[in-house]
Amino acid sequence: MSGIKHFFDVFINSFDVFVEGFKITIYLSVASLLIAFIIGLFFAILKISNVKILQWIADAYIWLVRGTPLIVQIFVLYYGLTEIILLDKFWAGVAGLAFHSGAYIAEIIRGAIQSIDKGQTEAGRSLGMTSGLTMRRIILPQAFRRAVPSLGNQFIIGIKDSSLVSFIGMQELFGVASTQGSNNFDYLPFYLTVAVYYLIIVLVLTVLVNMLEKKMAQSD
Amino acid sequence: MSEGKEKEMIKVEKLNKSFGDLHVLKDIDLKVNESDVVVLIGASGSGKSTLLRCLNFLEIKNSGKIVIEGDQIEQETHDLNKVRERVGMVFQHFNLFPHKTVLGNIIEAPTQVKGISKEQAIKEGKLLLDKVGLGDKYNVYPSTLSGGQKQRVAIARALAMKPDVMLFDEPTSALDPELVGEVLSTMKELADDGMTMVVVTHEMGFAREVGDWVVYMHDGKIVESGIPIDLFDNPRKERTKEFLGSIL
Amino acid sequence: GTDSSDGGTDNSDSADSGSEFNLIEDGKLTFAASGEFKPFSYMEGGEMVGYDIAVAEAIAEKLGLEAVQQKAKFSGIVTGVKQGRYDIAVASHTITDKRLKQVNFSEPYYYSGPVIYTRPDSDIQSADNLKDKEISVSRGSTYVDMASKYTDNIPQVDSDVVALQSLAKGHHDAVITDSITGQTAIDNGLEIENRGQLGVSEQAVAVAKENEKLLDAVNEALNELKESGKLAELAREWVGVDITQKPEELK
Amino acid sequence: MSGIKHFFDVFINSFDVFVEGFKITIYLSVASLLIAFIIGLFFAILKISNVKILQWIADAYIWLVRGTPLIVQIFVLYYGLTEIILLDKFWAGVAGLAFHSGAYIAEIIRGAIQSIDKGQTEAGRSLGMTSGLTMRRIILPQAFRRAVPSLGNQFIIGIKDSSLVSFIGMQELFGVASTQGSNNFDYLPFYLTVAVYYLIIVLVLTVLVNMLEKKMAQSD
Amino acid sequence: MSEGKEKEMIKVEKLNKSFGDLHVLKDIDLKVNESDVVVLIGASGSGKSTLLRCLNFLEIKNSGKIVIEGDQIEQETHDLNKVRERVGMVFQHFNLFPHKTVLGNIIEAPTQVKGISKEQAIKEGKLLLDKVGLGDKYNVYPSTLSGGQKQRVAIARALAMKPDVMLFDEPTSALDPELVGEVLSTMKELADDGMTMVVVTHEMGFAREVGDWVVYMHDGKIVESGIPIDLFDNPRKERTKEFLGSIL
C-alpha cells in the first residue's frame, strides 16, 4: 500500500522534470522518424529499381540493420562517426534511430508499393506519364495509404526505441527516469512513472493512426 | 483495313515479340487508316493483348517496324512517353486511380504531362464526362461507380489526352452482362466521331456493326483478316471457321 | 596543438579568451560529468549540479570561459576527452596508470576512497570475506580492478547508484564505490552498510594529452581555488565535509 | 587503413572474451524465448477463449508490453520483482526478455490459430474429440507451422533485444563489448566486433528458419 | 422414412434453431430408421446444413427434442463428445487434417478419443482404406490427393469411429464433375452395407437410386417428404414442383 502511495507521490512531484524529458523524447522521435521515412523511401525505391547494384546496396543496408541490435547501432554511430563528423548526442541519437527505423520503413514501403496493382502503373504510363511521375503521383500515394497501419506501428516502435538514446547521455524520458532514480537512490517508482508516460504516448499515437486509417478508408 | 490514299495512322511490319523463350508475336503485319475501327479477335493466349501493348509501347518489340502517323518509332530515337500521349489505351480492368476523384483521374495526365492549366483541364474534363454520360459524377471516387461507369470514365480519361488512336483491350469482359451495352454504345459514338480505334473484343455484334476491318489471330500470327461481313460469314481458313464456331 | 594559429589571425585569436587551448567551442569550456554520482554530479531541473560541476564552473570562471556541461555515461568519458568530444572531464575520475596512458590528469581536486558496501544482514565484514562473492561496480571505474582481486563475478553497470540500488534491493553480495557516494546513499535511506575502506584515492580533472596548455591552466586555476579556500568551501557546500585536503596516508 | 587493421587486431585478440559473452547471449536468448513461447501460447489461448475476462487479461498484458520500451520493462522487473522474488540478474534478464517477447509471440500464435480453417475444428469435434484435444492435436500443430516465419523473425528480435540485459550487469555480448571498450578507452572496434557476432547469429538463425520452413512445406 | 417396428436411429421433434434474430430451423420433425438413407434437398439457405449440424451437435438447438437411438440428448445431461462419436459427419470441403498422412487422419480419433491401440487402429484403418479403394495411399499427405480421393478418405475417417449414423453435407459439390462418381459409389456401397445415412445433396440420380426417403426443405421448414419416386415424379406442393423444376 505504502508502495503505491509512494509511487503516486513520485509521479506527481516529478511532473516538471518528466515534461522536459517528454519534450526531448518527442523531438528525438519526430526528427528521427522523419529522416527514417526519407531513408526508408529512398531504399524502398532502390529495392524496386531494376538495377542489381542498387538492390544490393539496399539489401546490404537492411541486412545490417536487421542483423544487429539497435543499441550497437547507436553506439557505433556515436563513437564511430566521430572520425567523420562529431555529432552532438542529440543528432547522434537521431542518426542512430533514423538509421535503424529506416530499414524497417524501407521494407514496409517496398511491400506497399509492390502490393499496388500493376495496372495502375500501366494506366499511368499509357497516358504518357514518365515512370518517375507515375511513381510519384499514382503509386506512392496509394502505397502510403496502404502502409499507414504498418507505418504507425513502426512509429510506435521508434518512439519506444528512442529510450536507448539515454545511454549516450540524452535526458529524454528514460534518461530522466534514470537520473531521478539515481538522485533519489530509488529507481522503481521512477521507472514505473516513465512507463506511464510511454503508455500515454503510445495510446495517443494508436488512436491517431486509427483515425487516419478511417479517414483514408473513406475515399477508397 | 480499306486500302487507298487515306492517312495511315498505324503501320506494323514483321513485328516480333518474345517473353523469354516464348515467341508471342510472329511477323505481324497490320495497317490502320485514319478513322478506321480495327477489331482483333482470337483465342486466349493468341497474342492480342501483347500486340495492343506493343502499339502503345507498354511492351517493347524484339524486331520489326512500328510506324505511327508516319514516324517509325524506335526506343532509341524516340521519347516513348511522348508517343504514348498520342495513343490512348483502355484496359479490361479499367485501372482507374482509386485515390483520385473521377475528375481527378481525367485531369491528371493533361495537367501533369501536357502542362495544361487546371482550370482548362477541368473544363475539358467535364465536357468529356458529359460525352460519356457521367457529367454528374465528376466529384465521386471510382469505388462508388459501377463497372460500366468505371469503364466510361477510363475512356474519358484516355480521351482527355486527345490521342490520335485509341486502343481497347477487352473493355467489356470484366463487366456484368447488363452493363456491357453502355460501354459499347460509348465506343460506337466515338467511332462515329471518326476516332481511329483498335479493339480487342469478344463482342461479335459490335465487331460486325462498328468494325471496318476484323483481324483473326492464332498462336501469335494473323491467320486471316477482312471486312466483318466477309470474315464472319465466309471465313477462308479452317482455323477461323473453327474459332468462330466455338464462340458464336 | 597551439601551432595551428597563423600569424595573420594571431592578434584577434589571443584577444578571444581561451583560443590558445584549442577548445571545442571558442570561449567555452566543455566539460563532461556523469550526472549519476550524487553528490558529485546529479540532475536537478535538466541541469547537472554537484561538487564536480561546481569545481568545473569555478575553473571555467578562472579561465575566463563559459562552462558548458555534457552529461555522459561514466564509462565513456575518458574516451570522449581523448576523442575531443569534451575539453575536460570533471567527473570524479580517480588517477590511475591505465587512465594516464589515455589522458593527462590535473592536481587532485578531492581525496576519497573506495569502500565495501553490503546489505545490513550480510556476513561480509571486511575485504577478507569478499572472495568469490558477487561484487557489482560501475563500468569503467577503478573499482573493477579492485573487485577483480577477490572474484570473477563482477556485474558492471552504468552508474554507481544503479549498483548500490541493486544491492539494497537484494541483488549482488557487495558493491565497491566511493565512500562519499555510499554515505550519501545511506543518508538517502538506502539500507546498506559500510564494511571497510579499501584505500585512498585522488580525484582529478582529465584533459586530452595534446592539450598541455589547458592542463597547465586548469592546474593553475585549481591552485588558486585551493589557496583562496574556495575549493574547500565548495566541498563543504556540496559534500558536507572538506575533502580537498590530502589525507595522512598519502603524505 | 590503420583503422581497419586495428579493428582486425581487436577482433582477433578479443576472441576469447567474446566467446564467453556469446555463450551468455545464447543462454539468455534460448531461456527467454522458450519461456516467452509458453507465455505467448498461454495468452494466445486466453485471447481466443470465449471468456471476456480472460480476453481482457490477455489484452492488458499485450497492451502493457507494446506500450512501454523493453529497457523500462527490464528495469522495472529487475527492481520490482525483488519485492516478490529475488531473481539473480540472469533470471531477472530472462524474465524481462520473456515478458516482452511473450506478448509479440502471443499475437503471432493467436493470428496463426485464427488463420486455420474453421472446418478443421469442426472435423475434430465431429469425430468426438474434445475442444482441448482438437486444439492440441489438430489446430496448434498447423498453427505452429504457419507461424514459423513470424516466430523466426521474433526470435531474431529476441536475440538482439538480449543486448539490453547488459544494463543490469550481464556480461553477454554487448556487455563484453562495453566493458572491453571502456577498459581499453577505445569503443568503436569493440562495438564493430560485437556487431559481427550478432550478424553471424542472425544469419545462422535466418538460414535455420528457412530450412525449417522448407521442410515443413513438404508435407503441405 | 418407412414406418414400422424398425429401430429409430434419429428422432427430431419441433426442432428450432436461430442465429441471433435469424430463425433458421422452424419446428422440424424428422425420423430416421436404422439402415435408412434420408436425402435432404432444398435451395441454398433453406437450413439443410444447419439441420445436419444440429444432429451432430456442432450447433446447439434452441428448442425441441433430438433423440439418438432412444436417448434424448440434452447439452446439460449428456457429454456431447460421446454422442458425436456415434454420429459421423462428412463435409463438403473434406476438412482432412493436412499435417497428418492419410492413415494419420484415420487413426487420430480412434486412438485419441477411444483409446484404441495404435496397431489396432492402423489395422482397421487400412481395411477401411481398402474399402474406399485407397489402400495404397495410406502413407501420403492429403495435399497430394484429388478431391474425390480426399472425400473418400474423409468417409473412411468418419467410419473409423464406427458410428451408427453417417451425415453427409453436400459431399460431392466441391468436386470436379468427373470425380463425383467415385464418391457417390463409395456412398452407395456404404448404404448397401446397411449404414444409416442422412445426406444433403443435389445429386438427384443418387437420391432416386439410393435414397429411401427424400425431405424437401424451404426457408427452415420441411415442406414435403416421401419416397423418391413419389416426391420427384408427383410432388404435391407447388413450392416443391418449382424447386424440382429449377434443378432438374
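For reference, chains read A, B, C, D and E in written order, and residue numbers begin at 1 within each chain.
Methods note: contacts are C-beta pairs under 8 Å (C-beta built on N, C-alpha and C of every residue); 3 or more make two chains touch, one makes a residue touch a chain.
These numbers were taken from a predicted model, which means no experiment stands behind them.
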Required minimum of steps from chain A to chain B, each step between chains that touch: 1
Pieces of the assembly after leaving out chain D, positions unchanged: A, B, C | E
Highest C-beta pair count, chain pair: A-D
Between chain B and chain E, centroid-to-centroid distance (C-alpha), Å: 53
Mean-CA-position distance for chain E and chain A (Å): 56
Separation of mean Cα positions, chain D and chain C [Å, integer]: 38
Mean-CA-position distance for chain D and chain A (Å): 21
Residues within chain C bordering two or more other chains: 76, 79, 158, 165
Touching two or more other chains - residue numbers and ranges from chain A: 79, 167, 187
Touching pairs - complete list by chain label: A-B, A-C, A-D, C-D, D-E
Residue ranges of chain D touching chain C (in the complex, touch as defined): 78-79, 82, 86, 88-89, 92, 167-171, 175, 178-179, 181-183, 185-187
Residue ranges of chain C in contact with chain A within the complex: 35-38, 42-46, 70-73, 76, 79, 83-85, 158-159, 161-162, 164-165, 168, 184-185, 188-190
Chain A to chain D touching residues, read off their complex: 3, 63-64, 66-73, 75-76, 79-80, 83, 156, 160-161, 163-164, 167, 174, 177, 187-188, 191-192, 194-195, 198-199, 202-203
Sites on chain C touched by chain D in the complex: 75-76, 78-79, 82, 98-99, 101-102, 136, 139-140, 144, 155-158, 163, 165-166, 169-171
Partner chain E, residues of chain D touching it in the complex: 117, 119-120, 122-130, 133, 137-138, 141-142, 145, 219-220
